[in-house]
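In the two complexes that follow, chain A is the common piece, with chain B as its partner first and chain C second.
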Partner chain A sequence: MVELELRNVTKKYGNLVAVKDLSFKTKKGELIVLLGPPGAGKSSTLKMVAGIEDVTSGSILMDGQVVNHFDPAERDVAMAFETYALYPHLSVFENIAFPLRSPKRAHAFSEELVRKKVLEVAQFLEIDMLLERKPKELSGGQRQRVSLARCLIREPKVFLLDEPIAHLDAKLRHRLRRELKKWQEERGTTTLYTTTDYLEAFSVGDRIVVLNRGILEQMGTWEEIYSHPASHFVGMIVSDPPMNYLDARIVAKDTEIVLDVKGSLFKLPANVQAKIRAMNLQEVIMGIFPSKIVPFAAETLPSSGTVIDGVVKFVELRGSRKIAFVSTDRNFTFTIQLSGEESVRAGDRMRYFFGEEAIQVFDRQSQRNVIYLG
Partner chain B sequence: MAEVRVEHVWKFYREEAGAAQRVEAVKDATFRCEDKEFLCLLGPSGCGKTSTLRMIAGLEKISRGDIYIGGRRVNDLPPKDRMLAMSFESYALYPPLSVYDNIAFPLRARKYPESKIKEKIAIVADLLDISDILNFKPARLSGGEQQRVSLARALVREDAQITLMDEPISHLDAQLKAKLRIDLKRIQREWGLTVIYVTHDQLEALSMADKVVVMNLGEIQQVGSPEDLYERPRNLFVAGFIGEPPMNFLDCTFVEEGTQGYLKFHEFSFPLPPELTQAMRRENGKEKWVLGIRPGDIVLGAKVGDGYSMKGLVYSVEPLGESSIVTLEVNGQKIFAELAGSSEEEEGNVVVFSFHKEKAHIFNASTGKSIKE
Partner chain C sequence: MNRERFSVVKIVSIVGLILLMLWTAFPLYWVFNMSIQTPLDVISYPPKFVFDATLENYSVVLLGKAWLGKYETVQTDFPRYFLNSLIVCFGAVALSMLVGVPAAYSLARYRFRGKENFAFTLLSFRFAPGLIVILPLFVIFRRLGIYGTYHGMVLAYQLITLPFSVWLMRGFFEDIPMELEHAARIDGYSWWGIFRKVDLPLVAPGIAATAILSFIFAWNEFLFGYILSSDVTRPVTPSLMGFISYEQVLWGQMAAAAIITLLPSLILAIFIQRYLVRGLTFGAVKG
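After this line comes the complex of A and B, so read on.
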């Protein structure tokens, strides 16, 4: 188990800055997910840790030792590529067994042990019936699993998994995201794992690094990220449907600071008010996750929080959930997540509620969540 | 605008090779897409959904059966006379033309005034987030951008009677997909388009369609609203294909004690209401049965009302933000439960879990059919 650290790492390809001043540190045996859209710098980061790309500036450390000048073999990391990179002339079996047959390791693995290990990982990834085939006879999803198997068969210091299950069908992806986490936990291997899918990130990651255009937007557990997304970007990427955003102005009301959205006032928790006061902010963005707005049926109005009336524009079924798009009487729109049991139809009038703690406030200029400012 | 009727349509490939080697890509498909309806053809690869769409478009010959658009039989009508707009998975953009000119192409061919073309392109470009690339040539675009341009070109054609789309957003990343699902549905409603949309992604179908035609191995499995498919799947294929995480399937046997019928899964017995007992007895009760339970219908902890309950080991807990998935293990079989919010369950604990009787889906294991059919 190693502790992996990136210190002010930057990667440039010509004028393009793929990774900008990236710093983070894993714990020993931790699985860190790099989450971000295509082009966020996830793969570049993995390649620099693997040693197949040089860093433009900054350092990569393993257990406190700078490894920038180590070649890939010396770093003892195993990487599964999104582009698979299989040997076309070798069978699936030989592709998976390949790392065990390298001159450095060959003496450690008898033919019998190689066979046993290949079978184990092939069964785990449901490719044990394909062992005699050549890569060209496989589908994209099958090739991806062979590439993953070739990585997992090793016992390196660090696993680097680049979108390892992105091209698999929904059912298998679903199973593997759970099983990969167990596999990694049992072996305690420090792992970097990339994905564009926040559900996958939440599910497998001990902690998550959210990347946007090469810059770290937030690092934390899924609870930290979900309860207080650090920026407008993070709020958008960790929710489907995305967070509701409304432009708001800061106004004083009695002794309090409240948000004004087109004349509707929203109260804020005390710590958020204090931040806004300290930073002297005027123009902000109000954000609320669709899952934190709930239908409101009681007769009496609650003492805190907000009750809003509106008309359902349309409803999307998502299996066990429904998404309602509601146009409020105050002329703004909210996306709301409801349970599948809720019977709502386009045209229905609806009253709904959210608590003040559900409101996130982002500085309009920097796009940062105000609770992290100052 | 117009409705589309597909009646007893078949598609054979390699027909000339003789009946033995004939490939039946579409088998006796019958369905109807109403005027201004959003219809999805949904199924795994090779199910016949694209062949069906291509026959409606006129790009493939209909081997047998009839297709009507707006009441007119179109079997022998060339594509250009069917008044269709199309956006296919392969983008088919004109390389020498800019994005703007690509989108304008079908409108210019129909002699729209340039001012009107400009106005329409501005709306659709804004919607699909391609305003910044209107002057680029296709070669400079990413796959996702090309796909959006192809989609824009289909959407500007409001004169078309029917808009046909084949996996139009499948190459996009998750965020853009989520946004486009909502936008596409909104445009379809606001502009009153009649859309036939092919996808392999059940979430796209559930979230956008008014009506879904589920296909597998060339045959229509079920036609219905998204709610119908989710709540009342007619067979094991539909039940397993719709919903994520997928429906749990438990292999059960049917036993009777006196007049009371039970579904048995290992040591757990679930008493059946009289009408189901009778129906299952009629269907030769000794056969194997499959009990289907949606992960979202499972409740952990106490037993729900007079529901069915079981006991199992917590195998794993996955947090997913607004919900979590707890995997339970009962006699070696994994059962998924999807819970709202986060879960306090710990791996290795033994828990009781249950579900309401009316949430049980029961299928005949040999025919695959739902007992409620």
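After this line comes the complex of A and C, so read on.
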């Protein structure tokens, strides 16, 4: 178990900045997910931690010791490559056993022990019937599992998993999400795990690092990120459909500060008001997650929060959820997430509700959530 | 309609291929014919396609035995020249591989100053006709005292085999994805371990193909062997000129020697086809 730390790490490829001034620190045995779209710098970060790419500037530390100048072998990390990187001339068995046969480890692993460990990890990943095959005889998903197996067979200081289950079929992917997390927890190995899928990130990660163009947008637990996405970008990437965004102006009403969206006023929680007042903001963006807008059926209006009427324009069924696109009576549209049982059709009139605390306010200039400003 | 056109195209292309084959193979056939003819048949006009075949040319060339009513021993140096060729060519290929494989690896994998210039200069040795370098080389070899020695010739032959090996092997190394080396480094292997356990097995067929092709080029080399060898170290190609004597040209024996000289290249060329199949790294990365 180690504590992994990145301190102001930057990676440039020529003029292209892949990772910019990235700093974060894991706890011992923690699983950190790097979440971001393709090109966000996730793989580059993993490769720098592995030691197969140099850092352009900054330092990487393990248990407080700078390991920048360490060889990959000295760092004692195991990595599953997004491109698999299987050895084409070796069988699946030999591919998985390859790390155990390295000069440093070979003495500790008898042939019998190697066989036992390969079988164990192969069974876990359901590839035990493929051990005699060569990589070229495998499907993409099978290759990915061999690559993952070659990584998991070791007991390194850090696991680096680069989109390890991205190319598996949905069923296996869902099973492995859970079981990878369990595997990692049992061994207590500090892990960096990349994905483009926020659901995967939330289900495996102890904490999540959201990356955008090589820049850290937010680091936190699922709850922290979901209750207060740090930026416009985070709100987009951790929700599907993405967060609803509306341009808004700050206006004073009585002693309070409220949001004005095309003439409709929205109240804000006190801490948000304080921030806006301190920063003296005028132009902002209001954001609400589609899942935080709920249908409202009661007769009496609630004491706080907002109730809005609107017409459903379009409904899309997504698995067990329904996504409704609603044109409100107040000149703007919203997407709303409903449960699959909800009987909603295009053309229906609907009344819905969201609480004050569901409203996120982003500074229009910096695109940052105001509660993190200042 | 379509099928007809298809078959016409097919017939034309088959006829074309047959013509091309005749064009290519006829000289070989003719040399082979000469090699099993008596001296009289060889020079007869019009040329004979039907004749009594004889193996005497081969027996003279290989064993130094001629049939003059009874077997008589005559002088033959041909087996020795053949051996010389083997020694020099194997030596040249071995040295080329020893030097060329690491050179190709570093050209494929590392960035260093003047890398492309170096690679191009090496290749340019192949552009220049041997005649340009042969005189200076001759003088240098005399001064160094390696004129007419096996090792001297092995060195000279590097001009033929080395650029070729380096450029061909570089391609094979470049075909190996970097990620494989990254993975092996993370798996705990040193540079040498990776080279041995990952790179070499993957380029082994490439090395075999390169070695065989180099060998054929070296084997067919005439000029260096002609100028830089002594009587003792003469390779087989210039030795064929020895059949042109003051009194006559020994066409039959020359043809027999030529056919024998051809055999190693022929056998290797048949072997090489299997090894030249690329796409070995298929399956290494997704896609």
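Criterion: the second predicted complex is superposed on the first by the 374 of 374 C-alpha atoms of A that agree within 3 Å, B and C clash if a C-alpha of one lies under 4 Å from a C-alpha of the other, contacts with A are read in each partner's own complex, and residues count from 1 in each chain.
To be clear about the criterion, contacts are C-beta pairs under 8 Å (C-beta built on N, C-alpha and C of every residue); 3 or more make two chains touch, one makes a residue touch a chain.
Worth saying up front: this structure is predicted, and the values here are computed from it rather than measured.
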item	value
Chain A as common anchor, with chain B and chain C clashing or fitting	fit
Angle, in degrees and to the nearest 10, that opens at chain A between the C-alpha centres of chain B and chain C	80
Partner chain in contact with A:I323 - chain B first, chain C second, else both or neither	first
Contacts of A:S339 with chain B and chain C, given as first, second, both or neither	first
Chain B versus chain C as contact partner of A:G374, first or second or both or neither	neither
Touched partner set for A:W222, first chain B, second chain C, both or neither	first
Chain B versus chain C as contact partner of A:A170, first or second or both or neither	first
Partner chain(s) touched by A:L199 [first = chain B, second = chain C, both, neither]	first
Which of chain B and chain C A:P37 touches, first, second, both or neither	first
Closest approach of chain C to chain B (Cα atoms, Å)	12
Common ground on chain A, meaning residues reached by chain C in one complex and by chain B in the other	none
Complex interface listing, chain A residues touching chain C	47, 50-52, 71-73, 77-79, 81, 83-89, 98-99, 102-105, 134-138, 140, 143-144, 150, 167
Residues of chain A touching chain B in the complex	37-38, 170-171, 174, 177-178, 181-182, 196-199, 202-203, 222-223, 226, 236-242, 289, 291, 314, 316-321, 323, 325, 337, 339-340
In the complex with chain A, residue positions of chain B that touch it	173-175, 178-179, 181-182, 185-186, 189, 202-203, 206-208, 226-227, 230, 242-246, 294-296, 316, 318-322, 325, 327, 338, 340, 342
Contact set on chain C toward chain A in their complex	177, 179-180, 182-190, 193, 198, 201-202, 280-287
